[in-house]
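Beneath this line is the structure, given in structure tokens, with notes to follow.
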Amino acid sequence: MEIDAFYYLILSTVMMFAGIYGFFTRRNLLATLISVELMLNATNINFAVFNRYFYPGALEGHFFTLFGIAISAAETAVAIAIMINVYRNVRNIQTDDVSDLKG
Amino acid sequence: MNSNLSAILSLHAELSLVLILLVALLADLFAGPLRRRWFHPSVCVLMALQIGLNLTPDTRALFGGMYVNTPFTSIVKSILSAGTLLIFLQSGEWLGRKDTHYKQGEFYVLTLATLLGMFFMVSAGHFLIFYIGLEMASIPMACLVALDKYRHHSAEAGAKFILSTMFSSALLLYGLSFIYGTSGTLYFADLPAMLQGSALQQFALVLFLAGMGFKMSLVPFHLWTADVYQGAPTSVTAYLSVISKGAAAVALAIVLRFVFPLMEEDWTLAVALLSVASITVANLMAVLQGDMKRFMAFSSISQAGYILLGVLAGTAQGMASLVFYVAVYVVANVAVFAVISTVEQHAGGQTGRDAYRGLYRTNPRLTLVLTLALFSLGGIPPFAGFFSKFFIFAAAFAQGWWLVVFLALVNTIVSLFYYLLVVKAMYISEPLTEDGLPAVAPLRSHPGVRLTLALCTAGICLLGVASFVYEGLARWAGMM
Amino acid sequence: MNILSLFVLIPLLMMLGLWMARSVNQVRGVMVAGSSALLVLAVWLAVDYLRLRALIANLPFPQPEMLYTDSVVWYAPLHICYSVGVDGISVVMLLLSAIIVFTGTFASWKLKPLTKEYFLWYTLLSTGVFGFFISTDLFTMFMFYEVALIPMYLLIGVWGSGRKEYAAMKLTLMLMGGSAFLLIGILGIYYGAGAQTMNVLEIAGLHNIPEGMQRLFFPAVFLGFGVLGALFPFHTWSPDGHASAPTAVSMLHAGVLMKLGGYGCFRVAMYLMPEGLAQWGDFFLILTTVSVVYGAFSAVVQTDLKYINAYSSVSHCGLVLFALLMATRTSCTGAILQMLSHGLMTALFFALIGMIYGRTHTRDVRELNGLMKVMPFLAVGYVIAGLANLGLPGLSGFVAEMTVFVGSFEHPDVFHRACTVIATVSIVVTAVYILRVVGKILYGTCRNPGHLKLTDATWDERFAVICLIVCVAGLGLAPWWVSDTVSFSVEPIVSHFNLP
Amino acid sequence: MTDFTLLTVVVLTAIALVTAALLIARLAAPRTFNPQKGEPYECGVPTRGEAWFQFHAGYYLYAILFLIFDIETVFLFPWAAVVGRIGMQGLLSIVFFIVVLILGLAYAWRKGALEWK
Amino acid sequence: MDQAFLDYYSLEPFTQWIHRTLCGVMPEDWAVFIEGLALGIVILLAYAVLAVVLIYMERRVCGAFQCRIGPNRVGGKGGLLQVPADVLKILTKEIIRLRKSDHVLYELAPYLVILASVISFSCLPWHKGAEILDMQIGIFFVLAASSIGVIGILLAGWSSNSKYTIIGAVRSGAMIISYELSLGITVLTMVILSGTMSISGIVESQAGGWNIFRGHVLTLVAFVIYLISGNAEANRGPFDLAEAEQELTAGYHTEYSGMHFGFFYLAEYLNLFITAGIATTLFLGGWMPLHVAGLDGFNAVMDYVPGIVWFLGKTFFVIFLLMWIRWTFPRLRIDQVLTLEWKYLMPLSLVVMLAMVVMKVFGLVF
């Protein structure tokens, strides 16, 4: 019961672009963060699939996935910490209201 | 075992940085009230020692080529360390404040962590190390940006920074995944032969450039820059604008030149477009800014555009010019931010350009330093910025990018215009305050700031005149 | 050390001295000492140059183009050297600059406020000027050129009058815009000549820039320098800048800085890219002709003394470029003479206008009457300057303009001759506006009671004016030593042009 | 059967368990309507306000700390399986890693992040 | 060690024989389908039966500890039918629909909780050759799968839109993720000792002696840490503050009624079993019989006892330990819970792990 690499790639592509779409359209900081996580996980899937299907002899892709996961977790930790701060300061995490800095 | 240990020891630049980082962390945790007094000077001294001890250039590839050190990267690291030292020196005043002094330790540790990441990024011989370095340089940076956690601008800037940095690294990673998918390796040494320029690889290249564009804040990936620069504490803004940008530029140049040589036609075109767009758009936006930090943000975007000209050249000459440009940019920009920071501390947190009106009457020396730094940024001789601009133009020109160089040159006029606006405010304009006095009273700045300004002024005046810096860079870049 | 380096070193030392000076008197002392030293040096250089030239004139081996040459490698990877050397043209220009810096010091004797800073920037400006004239390396030439430009911003912006901020910004940006063209041109020359050297003489000797590149980069370089030489339509910075600048800065700017443009056009653009000149000469000739005529006519309708003189400068500097583009030996000699002459008399003009303005606080021609009675010394000086300007024989203007027009008419081409004819119109127009102004403000009765109480020139002002008048008259009465030297040095350059 | 098939079987079993039990309950259980039933339980008194409020930030703090320390597992598990074979070098590199982790813990501890406030 | 003897009881030849036979009479896909069906039924049965047994056991144990009798009416003196009766009762209770809840998440939560426990349940080493899910990264997979449960708990609390549930959910969320750390590290310690992540591999590696005897005092410490954090993971007392009935009514599942509530109840007991089962696997040798070096006769006797008996015996022993703890200790406050984990268990488990690495590298373990 082997699944073709193609399907994984479709999945990752959909995730990637859904993430990009979410990043630009969501007005909530947490939703934005989740969108970015979606993108990062899409890349992780890509690496693992490429390694597993195309270059099964080596482990580079798997390693990259591992590090990717770890790093995105660290990023998320920092992002959440900062968002809590934002929340503490403005009592709201809608990006529309986080606009004292015009831009 | 032994060979491994000696291999690890030959990462002396990184190891010494880690050591300082650990010392700072432990001191922060356990030193108690003692740390308030001696923390700042001792970290600065340690940093200076670190620079002094790591000046020896050597060539070495470790971990099967995942980490590559060359004299060129050594010198880049030294420049980055020196820039960080300057930032540390000038941050003394800000960190000595009541509401920030307990965060001193964090500031050093986070800054050094980003610096460590940049070291790895510059020395990477494998995309994994490159990526780890990149993230190590970005994640603590977000904490730094949000360091002033009770000023909500700072937290907001941090949120913007971390989100855009995550977005960019996702793009970059997506690009890397296709590079891996089409070539089966991520070693810089093996990749060039595999990257022939297929459609997927071009797509990957575009994503890679977009990701790096975010990190370097190039137009059109610059939208976070102004907000983050304005919101972050001024010392952090300084760090963000020079060190992190410089490291990203050098790494980008190395990767493009040594990993994508067969796709040169593709990336040079893209880089040329990015460069021209950054310079032009940022210059036009900078003209409209009234806040010094936002203004410097756009200025730094346009400077990044100039730095890209060195990437564009893609030659040893280009690399040398790029690093020289970065070095000069570091001293000039740090000087500007040191002044902004000082004025901010003494003018009740004001960073608007109006606070600088008539500054000359109260603080002639500060004004002079700022003027020289701005002139250097604008490329006015005999200051170092003139030389660095000339070299980077020459490098791009030598590869036939005449039109790009010309557009960049025309843009220097615009940039000169807005730099002169600041100069004008300081020397010519009347203060807007009610009593007609300048917003900043005569002040005696923190010794660290004074030392920074002195060093930066020396750098601004001498880096261009002393030709051995550029010549050394050119020689080492040629050896890569 | 090469003697020429002193021209850069002395101003640098002066700046150091100024930095350390603690009182106005110390500042003045440093300035007088330094500028006198420069003047002496320039005079000595001129004399020694003539002596050396005469000494080697009869030697069998080919004559060197420049004397006192020296070269120190600076940036080896880009072949940038600190190379110096002078020929007749540069010697003359150095002399001119030294005179004007010297007199300018006296013209701004009582300047306030921030005297020290003023003289610092002033000296930095003169460093650039001197450095430019002694350099034979493209890079250092360009560097000194820009060094000379940027102090103008602060000098005008801080110490100027009227719409000073606007004028200063406009001037700086336009000139820096010119230098952007210049830089691309310099890079074009360097890489076009095979990226082996930045030395002007060596590049000229190689003579290997491809014609296509010359066609591309000649206009860039010419335009770059031309902006500073008030080439139409890029002259608009000049009237505003001159009008707003303080006296000594106007003097230095009109007297010396604008000469950088002509000198650069000649030394870099035309010398190194003769084929480019052949391609673009006619086009630029039209522009310069317009400059000459347009400047003169504009001067007629102005009512501000400084504007009148500024437009007059546009016209005269246009004449310089005009003559250079004619590219005959005589016309080029004339062009250099015109630079010298215009530099002296326009400095004199601006000095006098500044002194009058300092007293009457107006420069409007309509408000000034009968100053001859009130301030006879200044009035006489003004008359002399005016006469020099309109080309009275015996004064410098005559010699220069005569040579220019004669030389231009030597050009066999009909188009060039036609341009010459058009340009001569400016002589008549010049006479119109000079005499009108002289008649209006100096003669007649003084109707403004406030003006009656004004005093004549003080000693420092008199000194400056007399110096300049002596030079103007000297050049007019004994032009041969200058014209000989200049035409000797013009020869090797003009020989590149392959004129019919 | 491959791992995937087995996993699918197990997952389907779990889903079937819940669905089947719910179906049985649906069929067997009585259904009556009473508006009071639909209210959240607050000891019998009428419900006040929403429960979807923002809660104590201390919980986030632990979430963040967890995130950091949990990720270590990603690196430690593959290493742990082979540490007996790679010996000293593996030990050294991981000791460095763990020291950094412990430093992180010490930092959090010292800065008071572990105190429940 | 005489491996052949152990193989006597291996179920693998049996399963393979079934597969071969089925393939003989029908296409392979059909065979796989039927096997899957059978497997699912087996899992369901085991799951349900164990739940019933555990609930009954808990009641009896609880009664014993509290000096009372426990269930004793339904089904004779031992109250053996009490629990089946309860099951019937719960199936016929009304499932109340809330008005203001987030319906999708509310319905989803029990699925997640059950899913997590069924997947982890399937990973246990019942007997030689009878592991259902036996991956190379088995133990890691168990950790990952069991973490799904916390999502279910959080969703349940959040979607009910009641103050009790949300407080309970957040508490249990914080607690479970915290104890996941020391749990993970102790598991890691045992992986280091065994040198493999596969569950069957871990069991095989204990053929020469159970892990708890192999690592000096370290494994004992690790075992204790594991029990504490495992107990917390299963949300059982003294860590049952997520459903502390005195303050929060019933914690995160206050708003669930009838069979909906039953799932959480079910999952809780199965999680207890899984915790104990993993403890057995990691520390007590899974289905491995007890061997004492040197006493070959004794060992041979032990080998005749089937693996599943060993496994269930050891597991129920651990369950008994856990119940003992539950009914002995008072409930902790949230700050005490977190302090215990972050300031004591976590550092301690890190130290244990490091010591274990050193011992492993220098070959000091048995």
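Residue numbering begins at 1 within each chain, and the chains themselves are lettered A, B, C, D and E in the order written.
In the analysis below, a residue touches a chain if its C-beta (ideal position, glycine included) is under 8 Å from a C-beta of that chain, and two chains touch if they have at least 3 such contacts.
Since we're looking at a predicted model, the values are computed, not measured.
Chemist: How short can a path of touching chains from chain C to chain D be, counted in steps?
Modeler: So the least number of steps between the two chains is 2.
Chemist: Shared touching chains for chain D and chain E?
Modeler: Under the touch definition, chain D and chain E have no mutual neighbours whatsoever.
Chemist: Taking each chain's centre as the average of its Cα atoms, which chain lies closest to the overall Cα centroid?
Modeler: Measuring from the global C-alpha mean, the nearest chain centre belongs to B.
Chemist: Which two chains meet at the most C-beta pairs?
Modeler: D-E
Chemist: What chain lies farthest away from chain C once each centre is taken as the mean of the Cα atoms?
Modeler: So the chain farthest away from chain C turns out to be E.
Chemist: Indicate the whole-number Å distance between the mean C-alpha point of chain B and the mean C-alpha point of chain D.
Modeler: Taking the mean C-alpha position of each chain, the two centres sit 40 Å apart.
Chemist: If you average the Cα atoms of chain A and of chain B to get two centres, how far apart are those centres in Å?
Modeler: Going by mean C-alpha positions, chain A sits 26 Å from chain B.
Chemist: How many angstrom lie between the centres of chain A and chain D, each centre taken as the mean Cα position?
Modeler: The answer is 19 Å.
Chemist: Cα centroid separation between chain C and chain E, in whole Å?
Modeler: 94
Chemist: What parts of chain D, by residue number, touch at least two of the other chains?
Modeler: 5, 63, 70, 88
Chemist: What are the residues of chain B that contact at least two other chains?
Modeler: In chain B, nothing touches at least two other chains.
Chemist: Can you list every residue of chain C that touches 2 or more other chains, as numbers and ranges?
Modeler: As it turns out, chain C has no residue touching two or more other chains.
Chemist: Sort out which chains touch which and give me every pair.
Modeler: Once each pair is checked, the touching ones are A-B, A-D, B-C, B-D, D-E.
Chemist: Which residues of chain A touch chain B in their complex?
Modeler: Residues of chain A touching chain B: 16, 19, 23, 29, 32-33, 36, 39-40, 42-43, 46-47, 50-51, 54-55, 58, 60-61, 63-64, 67-68, 71-72, 74-75, 78-79, 81-83, 85-86, 88-90, 98, 100-103.
Chemist: In the complex of these two chains, what residues of chain D are touching chain B?
Modeler: Going by the criterion above, the answer is residues 88-89, 103, 106-107, 110-111.
Chemist: Any idea which chain B residues touch chain A in the complex?
Modeler: 127-128, 131-132, 135, 139, 142-143, 146, 149-153, 155-160, 162-163, 165-167, 169-171, 173-174, 176-178, 180-181, 184-186, 223-224, 226-227, 230-231
Chemist: Mind listing the chain D positions that touch chain E in their complex?
Modeler: Residues 1, 3, 5-18, 21-22, 24-26, 28-32, 37-43, 47, 50-53, 55-56, 59, 62-63, 65-66, 69-70, 73, 76-77, 80-85, 87-88, 90-91, 94-95, 98, 101-102, 105, 108-109, 114-116 of chain D touch chain E in their complex.
Chemist: Taking the touch rule as given, give the residues of chain B at its contact with chain D in the complex, in rising order.
Modeler: For chain B paired with chain D, touching residues are 1, 4, 22, 25, 29-30.
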